[in-house]
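Common to both upcoming complexes is subunit A, partnered first by subunit B, then by subunit C.
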Partner chain A sequence: MKQNLQSIQPVIMWKIARDEWRYWFRSKLAVVALLIGLTCTMSTVVVSVGDAFELEHQRGHAQQQSEQTFVNQPDRHPHRMVHYGHYVFKTPPPLGMVDPGVDSHTGNTIFLEGHRQNSATFADQKQSSGTTILGALTPAFVLQVLAPLLLVIMGYGVVSRERETQTLSILAAQGLGYGNLILGKISALLLVAMLMLLPLAISGIVVLSQGESLLTLSLFLVGYLLYLSIWILIIVSISLWAKSNSVSFSTLAFTWLVLCILMPRVATTVAGVMVPAAGKLEKDFAVAAELRQLGDGHNAKDKAFVQLEAELLKKHKVNRVEDLPLNFRGFVALKSEAEITSILNRYAEDRMHEELRQSFFARQFGWLSPQVALRTLSMLTAGTGLETHHRFLRETENLRFNFVQRLNQAHTNKLNYIDDMNRNKSEAAGQIARISAKNWNVIEGFKFRSSPSKERALQAMTPLAQLLLWFGMFGLFLRNLQRHYS
Partner chain B sequence: MKRNTQTLPISIDAQQLVVTLNNKKILNNLSFQVSSGEVYALLGGNGAGKSTALKTLLGFHKPVSGQAVIEGLAVSTSLSAIRKKIAYLPENASLYPHLNAFENIEYFLSLAAVHKTHAEIKISLQQVNLQQDAWQKPLSKFSKGMRQKTAIALALLRDSPILLLDEPTSGLDPVAIDEFNQLVMSLAKQGAAILMVTHDVYGACQVAQRIGLLRDGALVGEFVADGGHQIDTEQVHKAFTAGVID
Partner chain C sequence: MMRHLVREWRFLLGQNNVVILLCLCCALSSFAIYSGHQEIVAQHFTIERLQLAQQQDQQDILAKHKTPGSLAYYQFHLTYQTPSHLSFAALGDRDLYPWKHRIRMLALEGQIYESDVANPELAYIGKFDFSFLISVLAPLFVILMLHDIIANERNKGRYELLVVTASGSVVLWGYKTLVRFLALSLSMLAPFYIGSALNDVPLYDVLHVSILVLAYLAFWAALTLWFGRQSIFAPRIAATLIGFWVAVTCVIPITGNLLIEKNIEVPKGSEILLLQREIVNQAWDIPAETSLTEFVKTHPEYRVYTEMSEGFHWKWYYAFQQLGDQAVAHLAFDYRNAILTKFDLGGYIAMFAPPVLMRRQLSRMAQTDVISALRYEQSIRDFHQALRLYYYPYLFELHLFDESTLADMPQYSDFARL
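Now for the complex of A and B:
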């Protein structure tokens, strides 16, 4: 069965691939596996695309409504508006409909208010029923985890079956080399993989119409095709190596379990061990302790602001805060917010840095599992990775700080200090201690956008290299096996 | 014992073949020749090396020393060309159980780039006496004999000048064996070189012009048909069971 590249015959390969398909059609198990695969990918893509449109519409509408509600507030005390707060929503990126990535865990809505950095809420995984915590049936999950299993079910016997039924010798006696046989079997499985990817490719049209770049979409699709091709090489290699069908199936099932189920969990666990991070409660206590030292920004008489008061009086050459050309309470709120934000940002940046380091270690497992590599590539190109979520947090924090400080500025400059101090003495005094609703026009329209496609493509280069290494490694392994058996 | 003196062109030439599998010597300086138009039977008990000899000629096993030559081409260097000249019928005629007889034959012939019409395939299936109502049934529903007949039909349709048959009558009923033997003899008359390995003494004597007795991978003797007469079954049987040829 000696064969070199010159003797590769596409017609023979096609015949072998066609016969494999004929076998699958006549074998009920293979047909069932194929139907399950196609139904899963098709249905998840259709449902996800529908959901994405619905979500985008809902969040866009909610964002607009939230901004409108804020702006439409009547005349109030400016600090009440600081606490009235404002909601921002993360609209999913176009490819998020295929791979929601970390969004389903991190949440997509943040309530912005003064002196606090709230966490994102309404994560799909947290608000769904209990079972979905194990992983929702998204197109990405189907293609990353289920599709390899279905390929295993269909392909474990592509060569081992021929060996077990002793048809290999008849095939060889017809002048067929191992090279053509293997390439034919690979072609048959590749067609299955492409069928499974077809709904994804079709959804690409929708994704493009939503503004996704062709570069990112192509990289996304190439990543998935490469991943399923790696699995095909693994399946054909093991089927060629195995002495029997049962050995081939059990070896492939174990390989799938390790690469698709165990390794991603091991990656997360190892990352957690390599970069230990304090729990949320622990961090909240540490932040609270540090904030306490700053003084209470609501209380201008707090001893923490004595020096600030003295400096301000000196600067304006007056003896009493009542004589200052600005509202001292507002000024305290302004300074206090800046200091609080600086501390909150430091902790937030530390946490994000830790998360990125953990993520870095977890992603290195892409060298050990193609599933981890594809998961990373998929999230990064889709714009649903950790980096994008961090950008969302930074952008929303920026928005929060700006609108709170604009309100504090209005508090400082547009509300009289004495009126402010007397605001609780009577209802009439409370009415006086207000500023015009015109000042609420401090909210910048917020629309979260994906990172530029080139940036996402560059981020995805490492997982792409991991996938290419897997492909090359198993390609060479299969070639050597073929030479060994020839 | 009479030795053959060959005059026809030699199609199969095994030259002092030594084949080792799993550190065990299976063929031990095996040499024999088969001419075109001749039926040669390699007779031997279980483990004598019969199937290994055929598989070595097909290039499935590489000899440690010696060489196999088919129609002047060395198996070690011209495998692809040689396989186009050979029709091989393995011991367990394994074709695809999910295909019917027609589909099996069409598929395997297409891999060998041999194109036959439906009518030609029908004739071949009739030749091997496979019941017509079974032609469209999947081979998974066939008996061993029916599968064997399908494989024989496939081998015949290859139109090869050389036929390698590994226990070809195994699983066939007596009538079918008789018909098969007639078919083999007629193919030889048309010029095919036929090498069959078997442990069926009577079958071998019925069709073969020469019988080589194989023991522990070595040829321990040959019987040659005398003129138009068949080889004496009793003499071969005696030598086969005694293991010694004088």
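Now for the complex of A and C:
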């Protein structure tokens, strides 16, 4: 490529590429590799898209049912509804079809109730057969891990083969320029990569129809194309540099092993050691200790609420709690829920912050492995990374706080204090201390959506930069390998 | 024999790429053992901190709540599964299944599925531990190291000469292979031995792991050699072997997993929770005696104590908590059973996928797999049941509850199992 641009001749490039394809069709190994690559991407796309629709339907249905059940509850004491609680389900984003990301490892159901923040439960992975070691059956896995290996198997000999059969020097002697040769070989491999990406691009139509923006989808696809191009540059560089086919293949296989299998796990392991995160349980103890200072919201006589009572009596100019124009028990519940929630949220934010720090640390390994970079880009643009899970936790917490407080408000304003205090005297008294089921209309329909496409695109800029660096690095490397062409 | 081995060892030292590969294996194994050890130390520390926090929490609760009803309501009990000696080498699924949990006397089905687990993004990618190194990476190292032993000689034109002059094929290829194989195995096992010493692993287990590892690597070595004789073209040998590796680490396990997923129906976990919630909450809307009558069917000894003078009594409250659990017991059982069935079926797939088999063997030995996770869950269930049996006589006011009776409260440590 040191020759000037005029000497790049598309016709010759095309001939070189066509020749390479001819060779592949005659080689059993290459044909098998190509077929495996195409079947794998095609079948995973079909299976994953089908599964995603089923999942979306299932969880959407469960969500609707859960909302209906809540609204249909009979007349009750409002605080009973606070503990009856509500279930929400996480529906995957459109691009989750091709890259489900952390979805299988996070719970997809969360129980929302008063005074507590529960964790998301029932991660799919917990029901796995314990057979998958490397990854799940997703187009993302196939393209991130298997596709580079197939490209290696097909392309390790693009230049080293010519050298071993001594055709390389003939080509050089006939005046074939370095740039033409290299670009021709690259085009041949690029065509293979595009073929493997084709099912993904086609599934993009389905993804778009599900409401994904063109911006994120393009960024997603560009990321994959860039990634496979990096591999093609690596393959051609090493094939050019290696003295023999054998050395070329061993080096490439080893490179693949390090970049695709080893690095991602080294990244998580180092992140785990370097950035320790306390679990939820430890935080729960700290929360419990803080909450004990607050007073028990179930007990309006708790010392912590005496001052609140005095203030309220003064404000309304009455002497007895019974004379207040509101239900003091409900008022206490309202106040204490707000305080508890602010403490719970502080710890929850803390925990999410710790998790993010771990993930950020692991993602820095994208500078050391393009696979790590692409995986991050893929998850972030698809909206299936840790950030999106945190978003789910925050949104559900919002939902929880709103409906609990609306119930507490009904408790304060619609239930008489004396009836409330007598609720346990007898069963008949318990019947009186209830409010109408109309008040249960406090939950809005919940449908989880990942963050806006622009936000996701911005998040993906760092891994994109990592990929561009890899691309540039090997592009330059290849440029400087001309001396090996002889 | 020693003479041959020493000679081959010297040859080996002269080959840069082989030496580099050996150093890399040793470095990777050391890293795996070190990080695994760190992780387990951290887990032990976490348990210690939790125990300390639990003690503090207990004191506060006991000072505040004197009646059995409210004590049982507010007192959380800490449960945990201590990592085994060997778990540093196979961290297993402890980042997926919880190994620490707090429960109280309320309906257990509403609490037991809560899980405090590690960062899901890290868990999704997976950790690098000794079992991963051995089951997934080591075969590739064996292939890279042994595939061209014969082909190389052929390519360099020495093959015929060597075959004619050497006294036998064992002398020719056997010692060379043996030296490389032993060097590779030991480079990975040596750090494991250090880790074992640090973690007080019983000698028997160390031997067991060593034999497993050697047998597994020998399988890959034999495969590589057998294949290496079929062709003179080294890249073709390696590519085919790597293809086989991809088949047994990815294709077969993933396809098998898919088959299991599609054929084994797992009851939806959320259904357990939803039903349990209905039953528990319904109790407030139906006459208390209905729940209590239902309750004494399983605890006839309280038959004569079901009278309730007020609208609320703790005995009624805990009785319907138990009814909530009872109502979903079959679902919860099916749920666990389905997980176990899937895991067992996975065992059949592992027969065709040696890396999976190896990983399952190691995590079984280290007690970090699904079976151990389910055993831990069972220990929580047993403990919860014991708590109920402890509290009921006091809740139904057969006996008087005071400070002295606290000493008889069940402790989780008596129920813990690996």
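Definition applied: the second predicted complex is superposed on the first by the 470 of 486 C-alpha atoms of A that agree within 3 Å, B and C clash if a C-alpha of one lies under 4 Å from a C-alpha of the other, contacts with A are read in each partner's own complex, and residues count from 1 in each chain.
Just so it is clear, contacts are C-beta pairs under 8 Å (C-beta built on N, C-alpha and C of every residue); 3 or more make two chains touch, one makes a residue touch a chain.
Fair warning: this is a prediction, and the values are worked out from it, not measured in the lab.
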item: Fit-or-clash call for subunit B and subunit C when the two complexes are aligned on subunit A; value: fit
item: Partner chain in contact with A:Ser359 - subunit B first, subunit C second, else both or neither; value: second
item: Which superposed partner A:Ala288 touches (first subunit B, second subunit C, both, neither); value: second
item: First, second, both or neither for A:Pro276, with subunit B first and subunit C second; value: second
item: Partner chain in contact with A:Asp420 - subunit B first, subunit C second, else both or neither; value: neither
item: Most subunit A residues touched (candidates subunit B, subunit C); value: C
item: Partner chain in contact with A:Lys15 - subunit B first, subunit C second, else both or neither; value: first
item: First (subunit B), second (subunit C), both or neither touched by A:Tyr23; value: first
item: First, second, both or neither for A:Ile170, with subunit B first and subunit C second; value: first
item: Contacts of A:His105 with subunit B and subunit C, given as first, second, both or neither; value: second
item: After the two structures are overlaid on chain A, angle v-u-w for subunit B, subunit A, subunit C in degrees (C-alpha centres, nearest 10); value: 90
item: Gap in Å between nearest CA atoms once subunit C and subunit B share a frame through chain A; value: 13
item: Subunit A positions touched by subunit B in one structure and by subunit C in the second; value: none
item: For the subunit C and subunit A complex, residues of the former touching the latter; value: 17, 28, 31, 35, 38-39, 42, 46, 49-50, 53-54, 56-57, 60, 64, 76, 93, 96-97, 100-102, 110, 113-129, 132, 135-137, 140, 144, 148, 151-152, 155, 233-236, 238-240, 242-243, 246, 249-250, 253-258, 260-261, 266, 268-270, 273-274, 277-278, 281, 284-285, 287-288, 310-312, 338-339, 342-343, 345-346, 349-350, 353, 355-356, 359-360, 369-370
item: Touching residues (chain side subunit A, partner subunit B) in the complex; value: 1-2, 7, 12, 15-16, 19, 22-23, 26-27, 165-167, 169-177
item: Subunit A to subunit C touching residues, read off their complex; value: 29, 32-33, 47, 62, 66, 69, 74, 76-77, 80, 83-85, 87, 89, 101-102, 104-107, 109, 111, 118-119, 121-123, 125-137, 145-146, 149, 153, 156-157, 245-246, 248-250, 253-254, 257, 261-262, 264-273, 276-282, 284-286, 288-289, 292, 355, 358-359, 362, 375, 379, 385-386, 389, 423-427, 429-430
item: Partner subunit A, residues of subunit B touching it in the complex; value: 55, 58-60, 79-80, 83-84, 86-88, 90, 92, 94-99, 107-113, 138, 151
